[in-house]
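Report on the structure given below.
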Amino acid sequence: MPETGTGKVASMRDAVQELIRDGDTVAIEGFTHLICFAAGHEIIRQGKRDLTLCRLTPDVIYDQMIGAGVARKLVFSWLGNPGVGSLHAVRRRVERHDPEPLEIEEYSHFGMVCRYVAGASKLPFFPIRSYYQSDLPAANPKIVPVHSPYGDETVYAVPPLNPDVTIVHAQRADAKGDAQIWGLLGCQKEAAFAAERVIVVCEELVDESVIRSDPNRTVIPGLIVDAVVVEPKACHPSFAQGYYDRDNRFYIDWDRISRDPDQLENWLKEWVHGTDSHAEYVEKLGAERWASLAPGEAWSEPVNYGEYA
Amino acid sequence: MPDFSAAEMMVVASARQLAGERVCFVGVGPPNIACNLAKRTSAPGIELLYEAGVFGAEPARLPLSIGDPTLVSGSLQVTNMYELFAYFLERGLVDVGFLGGAQIDRFGNLNTTVIGDYAKPTVRLPGSGGACEIAINAKKIFVIMPQTSRSFVDTIDFVTSPGHLGGERPKEWQGAGPTVVVTGLGVYGFDGATGEMTLESLHPGVTIAQVQENTGWEMKVATGVRETDPPTEEELRIIREELDPEGVYTR
Amino acid sequence: MPETGTGKVASMRDAVQELIRDGDTVAIEGFTHLICFAAGHEIIRQGKRDLTLCRLTPDVIYDQMIGAGVARKLVFSWLGNPGVGSLHAVRRRVERHDPEPLEIEEYSHFGMVCRYVAGASKLPFFPIRSYYQSDLPAANPKIVPVHSPYGDETVYAVPPLNPDVTIVHAQRADAKGDAQIWGLLGCQKEAAFAAERVIVVCEELVDESVIRSDPNRTVIPGLIVDAVVVEPKACHPSFAQGYYDRDNRFYIDWDRISRDPDQLENWLKEWVHGTDSHAEYVEKLGAERWASLAPGEAWSEPVNYGEYA
Amino acid sequence: MPDFSAAEMMVVASARQLAGERVCFVGVGPPNIACNLAKRTSAPGIELLYEAGVFGAEPARLPLSIGDPTLVSGSLQVTNMYELFAYFLERGLVDVGFLGGAQIDRFGNLNTTVIGDYAKPTVRLPGSGGACEIAINAKKIFVIMPQTSRSFVDTIDFVTSPGHLGGERPKEWQGAGPTVVVTGLGVYGFDGATGEMTLESLHPGVTIAQVQENTGWEMKVATGVRETDPPTEEELRIIREELDPEGVYTR
């Protein structure tokens, strides 16, 4: 648990270096939205090893990380390049153990979400109405039936998931890590509360008064945050609602890149190892590309909380 | 009869099946286009629910992923995924859930997990996503998928999302399981007693022989099997001009 | 389930008449905030009988309703006049069966909340880390231990709560019942999703476009709403964040009124039976009282959802 | 030594015990004033968590109920009650939970439910509220309550919130249980081995005889029991000018 809100603002390099250790269980959450690619890239740059990576949808970010060799194990519920196809680096390791095997632990989306809920609530298990007669419990013995104490109904249980580190990206946060997110919320709150350590990355660092003007919008309290990294456009090629669009061209390009280990290697060399920081990556991508991803404006109607003095 | 693609026929046939339905749990691609077509034609009251946490989406463009930002802006409600799965799906508010798969068997059991052995598969597929809980908790399941003898198989390699199994559904299940399967060849229902898939209509120009060639078991054929009504000009116009102008999913 | 959003807007009289039946299990939720007193008053006016009333904190509203004789049973977790003292009408029935007994079913706050969560999720039970060595499970046999399927840990289970009718008050809603709430959220969402029928009461009826401008603010979707009642100031003497303050004087006055059955009877005669509608009650309370409850302004910083066309 | 009330002494003694603590789960009344006093004196980093769903409150006036709107405006986060109890309390993020009660026994077990028989009580008290889960999940419990021989009793009528029971706490419990009791007469701790309440300091002017008169069992007295330091001018100024200017809870 961090001390009272002082000195949490850090560079991505320092945050990853200090908070992520080889062998850690790491969750970079965000369902299609606010996937912090910049954090994944920094983990690759620093050559972390033997990580257990958790995410509902491993997405292109974990294909990059697993292709780069940082992970030993993957915990997930849907393994694909959304809207495009496969994650080829992951598939090579699972199907052909190329260049080495990848341990997997597989759930459904709701199962993964409830694992974070259980972790965030310190519950020994969480009951869900799923898995009946599916082969998933046979493939993953951690999914077990549990009987209701009130009668003969049976539901399934999933175990808590408590990452060593959860990384979430927010549109805005203050220096203590109080973070506000709008648009798709995924299960970032649950994954953060479940974690031992939390890194909040944000598009904009704002004054605490902005957060306090709309406390219902706060998803993560600074209380559970260890580092605040200010890294605009950190989610490319995924999106940040109101800030930039999903770069679909990149998702399509990735299919070609990740099919071929050499191309993947070259891509990592050029875009990850070849850049010193995400700011460089952003610049390298070019103003034109960024302009094509800029959304129009659609502002929320403000609400009055009232002054009660 | 206007020219149309097999994909357009699938979308149109699916949209018509949605008549009278209310809450649809949709994915991207053909199901999304089918639901949006139904909203403009057969089911004006339909509401779209996306697993990313969006209810009442009014996408201003064709969403390219299940969590496209266009699904969020202007929607009625965005919730976290826990509440979406627990309070909408598990609660039993979903009327129709759309699923697809790499393999389906005669009972509508679906495989989206592996081809081959689970521990070292020939092809590693995406896995369940939300499909397993949708299959169990939606009131009805509509399946949209291409039909070949490799996808319509006698025994699927892995049951990701259970269908009618071999008959009765357990009492804990909320819905009726798969009720409709739409492929590029025809529309299928399920026998109420045996839970077995039955050909109900053939798309224009398709023969029963073609169906049997592309099915890994002997497909039951309904007495009075009919021809699927072809897409109307208006249905094609909506798909081509409004829903998928670049033909990403329907050309 | 109502049809597609047409014709849900109703008067409180019609909504209560059509949707609440004698013997129903009714939850008027809202934790200190947005307690819909106007709905309770209309239930009293219509002389409903044998209700099972559910609420974490029965508060003054259930003291009034139970004093008026509409209820047979109370399901709750904290029984008091918050910040003031006791609910005397309830106490008379529990302590002295005066004028008749009141059945009670008692949990803790978290237990009640989780009962709604289970009801809203159609789960047969919900596990919580509470009740160990408390006398509550002995007093309420529905609170039972449940063993984790993963080991020797034991937690407690509470059963689902599915009201026949849940009534929630929102600051703003559209005509289909899509309702937005800010400030304290209590467990209104869970209580509404758990219910068979839902009445949304609101301070302001707004155009659907207002709701759609900020979908993260929506707590209840119109999908589950059967009636929308536009009833400004319906929460007096509780409060509506940004609209009016808690009327603490009323809470203090109530202590005196409810101590004496005759005074309580007279209060009901004058303020409930003596008014035809909540609008009359509001007027009777007087402009000066309302002016004293008006908060200052404190607006949220708006956020940009972005236009993605 | 300035004049002060017993209630002021209770608040001041409680606030001092909060030195070094971080997250406090508070109710209204004296605990709220104690926490806000601590924030200005002994524990500047303290964060206030209210069961109504508010974290990081900065109340602009004295809150009159546990869900006062002044707790919301300008706070850091408002969550629903499920997330507050599950992710903050049950997760183990609460350092100190404040409780009180109508009855307490020597092990710090508290009764806020009934006096007399549960089925037909002499006095029906409010019940648990969140107290039962706070008692079990907060790292430490601070008790603030008036002390008389009717509240400090040998056997409480109902265990609403378990304390040290008769010794060991079960392994599922997250915290240490009650560690401090502050009354109008003194400050108490608990014996690490036996879990029994022990007088640690007497408020100015109070005698051990008075304590024993107002306790329904023989109160253990710590060797080296001392006198509670009286409120300082500054502590009294903050209470009287800033936190409770009308003296609702402290006069």
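For clarity, chains are labelled A, B, C and D in written order, and residue numbers in each chain start from 1.
The rule we apply is simple: contacts are C-beta pairs under 8 Å (C-beta built on N, C-alpha and C of every residue); 3 or more make two chains touch, one makes a residue touch a chain.
Source: prediction; values computed, not measured.
Colleague: Identify the chains adjacent to both chain A and chain B in the sense defined at the top.
Modeller: Both-contact set = C.
Colleague: How far is the middle of chain B from the middle of chain C, if each middle is the mean of its Cα atoms, in Å?
Modeller: Those two chain centres are 40 Å apart.
Colleague: Between chain B and chain D, what distance separates the C-alpha centroids? Give it in angstrom.
Modeller: 57
Colleague: Roughly how far is chain A from chain C, centre to centre by C-alpha average, rounded to an integer in Å?
Modeller: Whole-Å distance between the two chain centres: 37.
Colleague: Where in chain B do residues touch two or more of the other chains?
Modeller: 54, 68-69, 72-74, 78, 86, 90, 174
Colleague: Tell me, which residues of chain C touch at least two other chains?
Modeller: Counting only residues that touch two or more other chains, chain C contributes 117, 121-123, 128-129, 153, 155, 182-183, 185, 189-190, 213, 216, 241, 245, 295, 298, 305-309.
Colleague: Among the chains present, which pairs are found to touch?
Modeller: So the chains that touch one another pair up as A-B, A-C, A-D, B-C, C-D.
Colleague: Which stretch or stretches of chain B touch chain C in the complex?
Modeller: Those in contact with chain C are residues 22-23, 44-45, 47, 54-56, 58, 60-61, 68-70, 72-78, 83, 86-87, 90-93, 174.
Colleague: Hey, which residues of chain A end up touching chain D in the complex?
Modeller: Going through chain A, the ones touching chain D are 1, 3-5, 117, 120-123, 178, 189-190, 193, 208, 211-213, 215-216, 218, 221-224, 305-309.
Colleague: Quick check: in the complex, which residue numbers of chain A touch chain B?
Modeller: That would be residues 31-33, 56-57, 76-80, 82-83, 86, 90-91, 94-95, 97, 106-111, 113-114, 117, 128-136, 139, 153-155, 182-187, 189-190, 239, 241, 245-246, 248, 251, 295, 298 of chain A.
Colleague: How about chain B: which of its residues touch chain A in the complex?
Modeller: Per the stated touch rule, the residues are 28-29, 51-54, 64-69, 72-74, 78-82, 85-86, 89-90, 113, 118, 120-133, 135-137, 158-162, 165, 170, 172-174.
Colleague: Going by the contact rule set out above, which residues of chain C touch chain A in the complex?
Modeller: Per the touch definition, chain C meets chain A at residues 121-129, 144-146, 148-151, 153, 155, 157, 159, 171, 180, 182-183, 185, 210, 213-214, 216-217, 241-243, 245, 295-309.
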